[in-house]
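Shared between the two complexes below is chain A, which pairs with chain B and chain C, respectively.
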Partner chain A sequence: MDFGSKYIPIEIGGLTVRLSETIIDTWIVMAVLIVLAIIVRIKLNRFTDVPQTRFQNFIETIVESMDNFVESSMGVKYKYFGNWFFGVFAFILLSNLSGLFGFRPPTADLGTTAALALTTFVLIHFMGIITGKLGYFKGYFEPIPFLLPLNIISEIATPVSLSFRLFGNILGGSIIMGLVYTIPMWLRVWVPSVLHIYFDVFAGCLQTFVFVMLSMAFIGDKISEE
Partner chain B sequence: MNSFFLTVGSYVLTLDKSLLIDIAIQLLNTCVLCAILSFLLYKPVLKFMNARKERIAGDLKNAEITMQNANEKLKEYNDLIAEMQAKRNGIFEQYTKEANENKQLIIEEAKREANEIKARAKLQIEREQEKAKDKIRLEIIETSNLIASKVIAGALDDKKQTKLIDECIKDLGDVKWEG
Partner chain C sequence: MNETVTSYSIETLRAFVLGCSAIGAGTAMIAGIGPGVGQGFAAGKGAEAVGRQPEARGTIMSTMLLGAAVAETTGIYGLVVALILLFANPLVGKIQG
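Here is the complex of A and B:
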């Protein structure tokens, strides 16, 4: 059984790039989200002060929830992070749920989760330097300079744990679902549906929430430390 | 090759250059997606909701100011009404007092006039009485004289005549006027 991401090797400027299922599925997820965003942008002019449609209610609910979530985690001053985390949240959520439609979730690939964790890592340290100045570097020598290597490892562990947590959970779910589909045909009517609810919907939503919440918490910690 | 689960045309996890290229591609994809979603969805919707929030807050503030103004006006009008009532009561009391005073004056004047009329009438009655008395006296005297002359004519001496006249006058003095 093959649970891997299928790919076609492509040569671009001497580099062998894998045009994989992950990349294609990512583009599909992106296309869906961009189409949704375009529809919202078009319909925004018809949005009323008191929402009249379920669509407006839905869009307002998710945007407002994200805005409140960012404000409570990072403070009013850093509400602009909502722009970034909204995109990350929507991408991870739809990627995790794409397994329901027979796609291989892009988040079941370390390339995707590592890229997302890397952005969090960059944001953590960028904000640390911006807000803490010299105090940021001083923090690595605390409580005693001898602990500098441990502090550095601890900082590097953050994106590693973030990326592997999401990757492992989603890949694990995909493998289990792949195995489940080997059961006899008459059992496939109800067993996979129940497991899809758990592995794709429940675990997918939970892992999305965990990734975004931890990213906000790590950045928020770095900001408040300084 | 540092591949752990290398399969031809398929991979689960590779720790090599391809992973770095994948990360770079996904990084670009994520950044592009976040930028597009932020530009087309998150920012405009948030802007719309914030504008609505501000508009509602403004409306509430305006309503509060209008309510405050209305309350001030109401208080002003209530004060004015109370002032007018006080003024009205004052005017009413003043005119009632004046009216009572006038009433007293009129009554006193009427009484005084009535008394004067009464006194004048009494005086006039007394005068009329005196006048009538005098007139009657004169008539009696004349009548007495007439009687006397007739009696004299019927052999009456002076002594008898005088006695008769005196009796007549005496009787007249006892006459009382009524009315």
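Here is the complex of A and C:
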């Protein structure tokens, strides 16, 4: 379901591959993230114990606030999840903000958000099994064994609602923006800019935050404390 | 009284299904009422909590956003149904002549 996304058909060995706008925009977002990461890695060699440059202060603030965010919602023991969630956060944020530069946001495609939600789904159950062992499976038969199907449905509903939330918000925003761009030329100067601030910057940042926070809450929920 | 059997052309049937789909998409968005009420309630309670305990602002804020995001889910389902009806209509393909 690509919802009006354009695509370029490409022939590879007799097979027609549809190279959609989403894929190309994802590559652009990935390229920007990789270049940023390489720049930071090169500058990392010149970092001092006490920050002296503005750049180092900025990087340390971002990494530290992400670590504190994970620590406050999942506990000190699972602080290492900060590495993963920082990557997810950066990718979703940049994807949502790419609408500002005229791209179709990669998160406005159910494929992207479903993939992100599935990684959360795998993490939830992986962490549940390795921390809870048998107690994890026992959790499905609570409060009474009769409720097993309902418990399984509620587990499946988690990634569905996670992916639909991000996808619906971003796609809804970009469809409304597309409708607004049909207004007369002299209005196009200022009307879309206000809406871009709401739909791309505000909703984009909020949905990124919500996605990461809900993922952490779901994973933290399944981790059993001995 | 004779029963008149009229056969419609595929174009007419297509137009009918598309029109009904548009009405369905509009109706699906009535689901937006629920999240509106729910999020307003969450925001109101959040403001109340901040008024009572201003020092716990950060915790209240993130808890409120979490609750608002969960309350939004049903509205987003409605939106997705409306978008499927508008952009990826599964019903039009079912018309046979």
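In this section, the second predicted complex is superposed on the first by the 210 of 226 C-alpha atoms of A that agree within 3 Å, B and C clash if a C-alpha of one lies under 4 Å from a C-alpha of the other, contacts with A are read in each partner's own complex, and residues count from 1 in each chain.
To be clear about the criterion, a residue touches a chain if its C-beta (ideal position, glycine included) is under 8 Å from a C-beta of that chain, and two chains touch if they have at least 3 such contacts.
Not measured: the values here are computed from a predicted model.
Student: Quick check for you: in the superposed arrangement, does A:F209 touch first (chain B), second (chain C), both or neither?
Tutor: A:F209 contacts chain C only, not chain B.
Student: Between chain B (first) and chain C (second), which does A:I38 come into contact with in this model arrangement: first, second, both, or neither?
Tutor: In the superposition, A:I38 contacts chain B only.
Student: Which holds for A:L94: it touches chain B only (first), chain C only (second), both, or neither?
Tutor: neither
Student: Looking at chain A, which partner touches more of its residues: chain C or chain B?
Tutor: B
Student: Please indicate which partner A:M177 is in contact with in the superposed arrangement: first for chain B, second for chain C, both, or neither.
Tutor: neither
Student: For A:G168, using the defined touch cut-off, is the partner it touches chain B, chain C, both, or neither? Pick first, second, both or neither.
Tutor: So A:G168 only meets chain C here.
Student: After lining up the shared chain so the two structures overlap, which partner does A:A217 touch, if you call chain B first and chain C second: first, second, both or neither?
Tutor: second
Student: Would you mind listing the overlap between the chain B footprint and the chain C footprint on chain A?
Tutor: 3-4, 171
Student: Residues of chain C touching chain A in their complex?
Tutor: Going through chain C, the ones touching chain A are 62, 65-66, 69-70, 72-73, 76-77, 79-80, 83-84, 87-88.
Student: Enumerate the contact residues on chain A facing chain C in the complex.
Tutor: 1, 3-4, 73, 161, 164-165, 167-169, 171-172, 175, 206, 209-210, 213-214, 217
Student: Can you name the residues of chain A that touch chain B in the complex?
Tutor: 2-8, 15-18, 20, 22-23, 26-27, 30, 33-34, 36-38, 40-41, 44, 47, 49, 59-60, 63-64, 66-67, 82-84, 86-88, 90-91, 106, 109-112, 114-116, 118-119, 171
Student: Using the touch definition from the top, list the residues of chain B that touch chain A in their complex.
Tutor: Going through chain B, the ones touching chain A are 5, 7, 9-13, 18-19, 21-27, 29-38, 40-46, 48-49, 52, 55-56.
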